[in-house]
Structures are given as C-alpha cells and as structure tokens.
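These notes open a run of structures that come right after.
You will see two complexes here that share chain A, one where it goes with chain B and one where it goes with chain C.
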Partner chain A sequence: MSKRRPFTWPIATTAVALFAFPLAALLVQAFGDEWRYPALLPQRFGLRGIHAAVASGAAGEALTNSAEIALATTALALVLGWPAARALAERRLRRPGPLLLLLALPLLVPTYATGTGLTTWFIQLGLADSVAGLVLAHLTVVLPYVALLLLPAFGPGLRDLEEMAMTTGAGPLRRLIHVSVPASRATVAAAALLGFLVSWSQYGLSLSVGGGIPTLPIVMLPFVRNDPEVAAAIALFFLAPVFLALLAASRAGRRVL
Partner chain B sequence: MIRRDRLVTVALVAPATTALLLLFAGGLLGAVRQSLEPGIVGGLGGSAWSALYHDPSFRDAVRFSAEIALEATALSALIAILAALALRRHGTFARSLFALPVPVPHLLVAVIAVLWLAPGGLGDRLLGGLPVSLVGDRAGIGIVLVYVYKEAPFLALLVLAAMGRSLAEREEAAAVHGADWPQRLRWVVWPTIRKPLAAGCLIVGAFAFGAFEVPLVVGPSYPPTIATYALQATQGDLIRGQSLAAAALLVAAAASFALAAAVIRLGRGLGE
Partner chain C sequence: MILRRVSLEVPSGSRTALVGPSGAGKTTLLRAIAGLEPIEGGRLDLGGHHLNGVPPHKRRVAFVFQEPRLLPNFDVIDNVAFGLRAAGGRRGERRARAAELLNEVGLAALAGRCVQGLSTGEQQRVALARALCSGPDLLLLDEPLAAVDPNRREGLRRLIVKIQEQRALTTILVTHDRAEAAELGQRVALMLEGRIIQHDEPETLFERPASPAVARFFGTPNLLRGHVIAGLLQVGDLALPVEGADGEAAFVIRPERIRIREQGSLRAEVREAAYLGSHVRLKLHCNQLVLEAHVPSDEAPSVGMEVGVELPEEYLWRLSEATGEPALAEAWDR
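After this line comes the complex of A and B, so read on.
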C-alpha cells in the first residue's frame, strides 16, 4: 500500500502542466509589443503594456487604492473576527448554528447582490464612491473568511500559555499582544493573507459600491478584449500579492501539506 | 460566574455579529427596497418583479446560470477527486504547483482564458485553429472551463486535507480484509471525503451561479447570466434598471439560500 502507484505520475504531471503552465503566458503577453498571428512568440518585446498600464492609472492610483482598501479591510476583519472565532472555537455558544450561518451566507450570496443593496444605504450616508464605503462593503465577505480561518488558532495549547501568562501577572492586553497573537501567528498570517486576497480581487462589491474609485479589477476589465497586452501588464501588478501568498503558502506547506 | 461568562461570550461575538447583520442583512434589505422602488416615472412598487417575471431573457439568464453552475461544479468535483487520488502520495512541490490557481483571482483567470482561448490566442496559434469557439460561445463552455481551472484545485485541496494521513492506514486495513480497489474507494475513501467535498461544491456552485466577472469577460453577449443581466439592466434602462437589477440579484441570492439549505439537509443525511 505504501508503494507509489506508477500511473499517478503522468496524471500528476498533466495536472500540474495544465494548471501551472497557462499562468506563465501572462508574462510573455505583458511584454509582447508586437505579436502578429500566427507566431508563437512575439516579434518584438517591449514595455508598451507597462507604460499604458501606468498611464491608465492602474499602476498608481488603482494599485494604491486596492492596497489601502485590502489592508484596512483585513485589519478590521482580524479585529472583529478574532473574538468571534475564539467564542466559536472554545464552544462558548450553546447554539453556534446561527453565528456559523451568518458567517457562511455572505460567502454564498452573490457579492453584486449585497453590493447593490448596500449602495442604496451608502448613498444616503455619503459613503458611496468612497474608500471607507468600499472597506465596509468588502468587510461583508472578508470578515467571514477571516473568522472561519482563525478557528484553528484557539486550541488547548493556547489556553495553557495564556493561563501561564496570567499567573505571571500579565493583563488581558499584554496576554493578547505577547502571548496569544505570537503563539497563533501562522493561523493569523493565513487568515490575513486570504482576507487581503479576497478584498484585493473583489469586483462585484467594488463596482456596485465604489465604481467611481479606481481599483485594479475595475481598471483592468475594459482592457481585456480591447488591448490584451495592457490587460496582461495590469494583471502582473494584480498578481504581485498572489505570488507573495504562494511563497508564504509553500513555506507553510512544508509543514502543513 | 455563569452570568459573567455569558456576558464575556456576548462581548466576544457582538462586534462581528453586529457588523455582519448591518452589512450583509442590511445589504439584502437594501436590495429588496431597491427592487420595490417605483422608479423615476412613478408607478406601483413591485413592477420590477413583474417585468422580471415576464422577461424571457431573464428566464434564459436563470437557465444559463444554473447550467454553468451545475456543469462547473460537477466537472470540478470529478477532477478534484481524481487529482487528489493521484496527488496524495506526492510531495509538497507537486501539490503546490497544482494549487497555483487557488489564490489567483477569478478575473485574472478569465484574462488568461482570453489569452489562450480567444480567436488568435495562444491555443489558436499552437493548434493552427481551435475546433470550437470558447470565448463568447453561447453554450458557456469557456466560462465553465475558467471555473474548472480555478475551482478543481480548490476542491482537490479540501479533499486532500480530508484524506489526511490516517486514510492510507484505513485503506491498508481494508485491503488486509480483502477489499479490492473499487471497494476501498466506495467504503473507505468516499465516506472520508464526501462531507468536505459537499461543502466545497456548495461554495463553488453558489459562486458560479452568481458571480459575473468571468461571464463578463469570457461569456457570450446572449444569453446573459443573472449577474450580467443585472448589469445590463442598470446600463440599458435608466428609469427602472436599478430596480430590475436588484430584483434579479435577489433571485440569485434566494437560489444560494436554497442551495445552502439543500446541502445542509444532504449533509445531515450523509452523516447518518
């Protein structure tokens, strides 16, 4: 049983080639200034796509907006999600079902639906087309992901550490900063990373609530069919945090997978 | 002491619960209110629902969205099971490469699909012409392919996590008792993976049913999906487009609720 089945290698190789290889083509497209049909590689490489991406604001304003919104949303989600995850993981609730349902439903309902509804309130509150409005809107989906991912952080080991810190006289805030968060840093990092990526790639909520605020997905979409080189160049900016996530995941994966 | 514990618990869950109730439930309520708005020229509230009910293109959108969601979920689940069975004895490197699309945003995968599958794209260049049109095709094959590319690795990761290390030992025990490979698959592997797979399929199905960045980039101009129908409504009908869009999106939301309820019931059945 422990021997490797010989037929799994071709399947694994095919799966890897099918799923990993297409991503590499983005790089070629982003720098292919001249790429006439039916050549397999561009006739001329250059930076037209990157320059156009910068000129469109994708590399400046949209990139900054996306990063700001994703960072703020993730931070807020961690602050709100940490205590809720703790209550769930420590089985403090007699009936956890309703809270779990409240966390699961925003992940199932189309974000465009929630966003369209939020817009009607945000217009009245002066939050539509604002960074604050986008942060709140993104929180609808980022908070459930973060809270659910934080659940494994609260095991008996953490409780023991916190009790030890308490016996040495550490108050709640010091325990949180010096014991709880460092002890569960891998889980917190994974939750923060996924929360960031969910906000970073959000399209439906951004379009409905903050169509006037340029974010990377909003800026990229019009280029996809009109100028694939610019779309591919913007996609590289869009991919940057994803690569960081993959690097972090592969490091963590040595232990987890 | 018990009272204090209860207060602490309430204090722990209150911030997240309040935020989600205000934002999510408030958002859906806002959509209901929007769908009942009479519009600029007045008229009865609820006319958007009536217009939606009588619009054949909305019926096409519902059918098209359901077909895409069903095909994408079924294909992703099948590939995920096969991939997990193949990859479970391989190391982190192969698994990480296979999982590469998981953190890649859907919109980016759609861009990659256009790059490869559009007329004049890389697939066309490599094969000297694609046998079928996959970008903008009325059957939505391109959309399904994008979802499978993105979701099959996600489901495979869930299945691999469920398999864990103990599965091999239990399979070995079954083999000692004379179970052949199909029997082990049916009686050992399937019971281990079916619950996380069902939960994953629910997420994938609900997302594929209601998302719109992929259909917007890869899909046809007709039929629309529910989400693209809603977007077109806001762009094409300035008077009651917003109400129509909100009503259409609420139908998609209701379908997600129904799907979740069905999977929870199924999960209970599987658990018995």
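After this line comes the complex of A and C, so read on.
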C-alpha cells in the first residue's frame, strides 16, 4: 500500500499555477483586441494580433529560421559536447581547469558582448548575416550548457556496457549507436532540450551577428513596446516548438535505457 | 593491479581456471587478454595471431563479466544477438542463431522477455549465450558464478563445462574459489600478487604444491620445516620417516590425510574442533607443531583430548624449495 503524501497536491497545484499564470496572461494579451487601463481583462477579444503577426510574414520566416538554427546548433553541440563531457567526466585530462573555464566563459560574459566580439571576424569570414554564422555564434553559449549537462551520462555503468559491447565485436560507431546513446538517453534528452531552448530564445548573439536574418526574438522585441498584442501573438508562435521539444525530450528521457 | 612476469600458455580447446585471492591480478590479466587493459610489455598471442595493439572488438575474444551487463533496452533474444548485430548481421539470421543459443542455455521460453525480470542466474546464462553468439576463438569468464544464487551455481557450472566441451572452445575462467577452480579447470593457474605461481592439473596443485604459498592457498596449512637425516625428518623433538635426500627440507600434508588414532607415538592435544557439515576441522598441538586435520564427524575427538597422530609417509610432500616464498605466503595469510 502506498503511503499518502500530504503535500503532493498543494505542491503540484502551486507548480501548475506558476506555469499556467504567465501562459494565461500571454493568451489574454494575444487575443485582447481592446484593453484599457485599469480593467483586469480586455473589453474585447479578437484575432487582430494573430492576423498582424501572420500578415507581416516576418513571424513565419522567423519561425523557420529559429527552428533551423536551434536544431542545427543543438545537433552540433551534442556532437562536440559528448567527447568534451566524456573527457571531463572520466578525468582523462590531467588539468581539466582550463577546459572547464573555456566552457564556462561564454556563460559568464553577456551574450551581446560575445556577439560583438565575433561580428568582426564573421564579417571577414563571410559568415555575418547567415544561418551558418548564427549557428556558430549560438554554439558558443549552447555548447557549454550541453557539455555540462552531459557530464552525468558518463560513469562506471556506461563504461561497463561499452566494455561488454567491445568484447562482443562492436566497433566505436556501433557502440555509440546501440549502447552509449541509448544508455544515456535521459541525459542526452535533457541536454538537447536545454540546448534547443537556449538557442531558440537567443537575442543578444542573433542581433549582433545576424541582425539581417530574422529570428523570433529579433522579430518580436520591437512589438513589445509598440504593440503588445502582436508581440504576444508572436510569442505564441514562439511557444509551439518549445512544447514540441519538451514533449520529445520527456518521452525520450522516460524510456528505460 | 600491476602484473609482472606473467607467462601463461593455454592449450587450444582447453579449459583453464585462473585462481587466487582477491587483488591477485586475475581479472586484470583477463582484461589485458581481452584488450580492456593496456599492456606495456610482453607478447600476447592467440592461435598464432599476435594480439598486442589489436582493438578489443577485433580480437575474437568473448568476455563474460562478473555482472551480466545486459542491455535493458533490448529483450533477451536481442541481447544474445547483440554480437551479430554489431557485426552487421541480418535480423532474421541473428535472431535464429540467438534462439539456438537460448535453447542451449535453457532459456528458449524467455526469448521475448525483457531482461529486468530475469533472475541473476538467468541473466548470466543470457550473457553466456551472448558471448558465444559471435563465435569467438577464446572465451573469458570472470567469476561468472559470483553473483549467482548458491543453489543455482551447480547448474550453471555444468552448463559452462558442457558448452566448452561441445565446442572445444579455449576457455579461461577466473575464480577465487579453489574447489570451483578444480571442478571447472582442466588445468589451474594460481596467481598471487600479480604473478602466476603454479600452473598445473588441479590434483597436482592440491597434492603436490610447488611452494608453501600454493599449499596454503589450496588448503594445506600443515607445513613441516626441518632437516632430513638418514630418512628421518627432524622437526623439533619429532622424527618422521620421509623419503628423499638429507638436508634442509619443508614438507606439507593435506589435513584430510592426517589420521587420528587413540594410540600412536606422535601425541597431540585437540585444541579446537569445528563442525563443518562434511567433516570436523581439528587444530592439533603437538609440542611446537600445530597441525590441522579433517576427520569425519562421527570419528572426531573432543576438545582437550590427547590423541595419537599419524602422518602417512606416502602423503608427505616435499616442497622443491625448502625456504618457500615467505613474502607470498605472508600475502596469502593477509
């Protein structure tokens, strides 16, 4: 018989409320065609904000760009973060300090500053205002998160399974596909989700390196002051892939190794 | 564990047990053979092929670990077929081969089951089938029975022997249990402190050990050091008839070979008597000499009794080195 946990419901309700409250505020804002101070709710609901966001065409293009950039950045961060995290977790480096510092550096410096530093080089390399340039720029902040989140994936349990795979004839690639990644599925899913979200919501780097490539944060921000209803409508576009990513990550993470 | 001057030749198609106390280097040696531990010097050959530098997945050396190490995201049959999957085998073929092996290890009915629901004994059988699936040239088993319920070990022991003999598969098995080593190994190698001390048939290691350390490991604590003079071994006040040349000598005798009589010229006091099911273990004090004897429970004298002790000459084994290997003997004592 399972024990009753008296605080489960209040905690769960509070957590849901904390999550739902800003979402509800966003929905009301996105569909509030007429909303005058000091009313708590709009006087009239409608689709003006959605129409404006769709009609401009900017939201659709920004959505595609943001998705492409976030997916590519996440994939690259996983590929590069995996060996980096492994080297750190398995203590293969005699002095891991410099690598840790290198990983943490972009997190300590404001992203706009990092982007400004990169812009000159990117212009000279022909990467400014390009999707590839934005992916590389986003990678500077996404990679540290992904690498640090992947650290717990490596340990004796994974090593044991990989050794087993070696002695049954599995080469490095098959070990990675059939053993290492499935064994650390939950950690990889969490790292991928966070990596995606960091890239998806990136403003400072996108503005400094790829101002000419519209991404959702870039497109949305001017409307925040001028027309909050349109900004809220764009934010709804912003949310959809995030929910999809969250769903995919939680499904992947739930599967037993 | 660092291995030093290890030399082990295993005949093709044979079954060798590598035995020794914990920390002796048995697992390290097995892992080095499999390529899981780097070797700095020496040479490793398998059937004429030089293995130094060959990556583990290309050595054709299968390994059954102490823990089954099954993949929880695969069912039983896919775990067994993992080696063929790794080699790029077709699904139908690899599952058919895995099904044959599951049948052989007695788990055909569990093919579709997920591995978490299996007992440790069943999981170890799956691990054994998996190791065989890719047709290795050498099978390494690292204490495969250690995690298995004692009641199920006998069945798995028989299975290992049957499978090895049917295939004539060269096999090296690690254990710290000398009885298990004798049962499973056609030949047994004793390792102490990173060195192979003696490699021989089980009976030789038990009855004719090469050194006191080997004798002690194989359950012979009775070491008699003294001088042989005219066919008599002088140990303190005792004089025992023995064979061999005169001079400093060390003899051992197994506890079960010592006979206890009411009468006898060699008198001893029973200081301890421990009932162990199949026999009673006696500690006998005979002047400065302490002997261990194993006797049937219905013949066991009580503690404090004085008994006659007979050390049959034919069971006294003269060690080749009189001084033995004190360092190793001490290591084994620890």
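The rule is simple: the second predicted complex is superposed on the first by the 216 of 257 C-alpha atoms of A that agree within 3 Å, B and C clash if a C-alpha of one lies under 4 Å from a C-alpha of the other, contacts with A are read in each partner's own complex, and residues count from 1 in each chain.
Here is the rule we go by: a contact is a pair of C-beta atoms (placed from the backbone, for glycine too) under 8 Å apart; a residue touches a chain by one contact, two chains touch by 3 or more.
None of the values given here were measured: they were computed from a predicted structure.
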Practice item. Could you say whether A:Gly169 touches chain B, chain C, both of them, or neither, answering first, second, both or neither? Key: second
Review point. Regarding the shared-chain residue A:His178, is it in contact with chain B (first), chain C (second), both, or neither?
Key: second
Exercise for review: Could you say whether A:Ala245 touches chain B, chain C, both of them, or neither, answering first, second, both or neither?
Suggested key: first
Review point. Looking at the overlay, what does A:Leu161 touch: chain B (first), chain C (second), both, or neither?
Key: second
Study note, to complete from the structure: Of the two partners chain B and chain C, more of chain A gets touched by chain B
Practice item. Answer with first, second, both or neither: which of chain B and chain C does A:Gly126 touch in the superposed model? Key: neither
Review point. Taking the superposition as given, does A:Gly46 touch the first partner, chain B, the second, chain C, both, or neither?
Key: neither
Exercise for review: Check the residue A:Leu80 against both partner chains and state whether it touches chain B (first), chain C (second), both, or neither.
Suggested key: first
Check your understanding: Which partner does A:Ala232 contact after superposing on A: first (chain B), second (chain C), both, neither?
Key -> first
Check your understanding: Shared contact residues on chain A for chain B and chain C?
Key -> 257
**Study point:** Contact footprint of chain A on chain B as seen in their complex
**Key:** 5, 8-9, 11-13, 15-17, 19-21, 23-24, 26-34, 82-83, 85-87, 89-90, 92, 94-101, 103-108, 110-112, 114-116, 118, 120, 122, 124-126, 128, 149, 152-153, 160, 168, 171-172, 175, 202-203, 206-207, 209-213, 216-217, 226-227, 230-231, 242, 245-246, 249-250, 252-253, 256-257, 259-260
Study note, to complete from the structure: Touching chain A in the complex, chain C uses residues 34-36, 55-58, 60-63, 65, 67, 69, 71-73, 82-83, 85-87, 116, 130-131, 133-134, 140
Exercise for review: Over in the complex, which chain A residues touch chain C? Could you list them?
Suggested key: 160-161, 163-171, 174-175, 178-179, 182-183, 255-257
Review point. Okay, in this complex, where on chain A does chain B touch?
Key: 1-2, 4-5, 8, 11-12, 15-16, 18-20, 22-23, 25-26, 29, 37-40, 79-81, 83-84, 86-88, 92-93, 99, 102-121, 136-137, 139-140, 143-144, 147, 194, 197, 200-201, 203-204, 207, 217, 220-221, 224-225, 228, 231-232, 235, 238-239, 242, 245-246, 249-250, 253-254, 257
